[in-house]
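Below you'll find the structure, written out as structure tokens, and then a few comments.
Order of writing sets the labels: A, B and C. Residues in every chain begin at 1.
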Amino acid sequence: MVSVERGVTISLDLRARLSDLYCTYDNALNDGTLELWPELFTDPCVYKVIPRENYEQDLPVAVIWCESRDMLIDRVVAVRETALYAPRVVRRITSGICVRSAGEDWLGLTASFALFQTMLDQPSRLFLCGKYQDRVVDDAGALRFTERVCIYDSTIVPASLVYPV
Amino acid sequence: MVSVERGVTISLDLRARLSDLYCTYDNALNDGTLELWPELFTDPCVYKVIPRENYEQDLPVAVIWCESRDMLIDRVVAVRETALYAPRVVRRITSGICVRSAGEDWLGLTASFALFQTMLDQPSRLFLCGKYQDRVVDDAGALRFTERVCIYDSTIVPASLVYPV
Amino acid sequence: MVSVERGVTISLDLRARLSDLYCTYDNALNDGTLELWPELFTDPCVYKVIPRENYEQDLPVAVIWCESRDMLIDRVVAVRETALYAPRVVRRITSGICVRSAGEDWLGLTASFALFQTMLDQPSRLFLCGKYQDRVVDDAGALRFTERVCIYDSTIVPASLVYPV
């Protein structure tokens, strides 16, 4: 269930639609169908993966920073065709999806994520956890992220961030 | 909230009923009330725990493979009466329950799970994570799993899988 | 989605309100806005953090035990002003929120939690997991916890439990 903070009111139907958006995002990455991932963003958009320390001090350095759907597609192509990395599976758990603010034509949401990574012949391990800070809009009938900032809790840069968060 | 993929439409009430089924499943195992677990399946049914590698290559070897409610009950009896194992607690987190397809009288769902295991006098540890691939039917008024395949992400066989996933 | 056990019936709206309560609780602690945390309890209330072993044997020793909102506020003041501890971030994942029983003016719920702790310059690690056992009431129009018992699965006392669970 998508929740809302006190002061925000949205219909049960919109809660369900938001839930579907978040789940479709997780499915695209969990299933390895990366090509579906850029379609969940508007164009232009903001997609960032940034350590909490930088985010809180307003320091700009981010591990990933995309500002259009083409940049997201570029990222997918890189993962598919040019990047070199040991095979791995990344499983994501999302919790506490919550509408925190609402504008005339957008909703501001947060959620918590935990990513578990499994390398070949190794046990699954916690890889990253943190918070999504999102802005969602209705883009011609479909809910899409116009902004998704993935703020991970650790200050160290993950050794190899292959897939999007 | 149970989510749906684009193209699938179900009522809010059915979403709630599905959510109840998944939660009742987790409760049965989290609470150690194993005896309630077989009742959540139809008879016959399919219940498998299989590594992702085997699943993806269509290799049949699974850690657990049951095809009837009696086989599930058998498993419970084994855990209760015959199996020897160090005491442990297994806590499960389920995320992203999603209706992916719908037939005339069944729903196809997936969800992600993370299992945390706690041995006596040890800290809790991530034990397994992976994906449920399910088929749910309305069995005389109650939703039940007619198929649950637990596909865990690691390729190594868990040292001791005592309880069902 | 907040689920219900067979035999319990509540409206979709009440499910949504419960979901909001749980999420607001997680947000207060995840965001570090500890001051909002006591407001989610009635006064008096019960808030306990207790190892599973003690809980199951009805042994009273708990890591935290508060019986009023003032005691909760006291805990917040301690964290803010008097306690000495290495800086950390604790991220919580909640799953399987379920109404297990209902009285005339209260609801009994359980949920699973996993807490991931991140110390400075270290990767995130699983810190604690376990079960919330809650009693929720409508307190003059707002849902609040009149009892929250946090039963963690490990028998060892966590080295340093700084923030509430």
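Heads up, the rule we're going with is that a contact is a pair of C-beta atoms (placed from the backbone, for glycine too) under 8 Å apart; a residue touches a chain by one contact, two chains touch by 3 or more.
The shown structure was predicted, so the numbers you read here are calculated from the model rather than taken from an experiment.
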Original post:
Degrees of rotation, nearest 5, to put the Cα trace of chain A on chain C?
Top reply: 120
Subject >> Interface composition of copies chain B and chain C: same or different, split at half >> reply: different
Original post:
What is the distance, in whole Å, between the centres of chain B and chain C, each centre taken as the mean of its C-alpha atoms?
Top reply: 26
Original post:
For chain C, what residues touch not just one other chain but two or more?
Top reply: 1-2, 12, 15, 19, 93, 95, 114, 126
**OP:** Write out the stretch or stretches of chain A touching chain C in their complex.
**Re:** 1-6, 12, 15, 19, 52, 93, 95-98, 100, 110, 112, 114, 126, 128-131, 152-156
Original post:
Which residues, counting only chain B, touch chain C once they are in their complex?
Top reply: 1-2, 12-13, 15-16, 19-20, 22-24, 26-27, 30, 89, 91-95, 114, 116, 118, 120-126
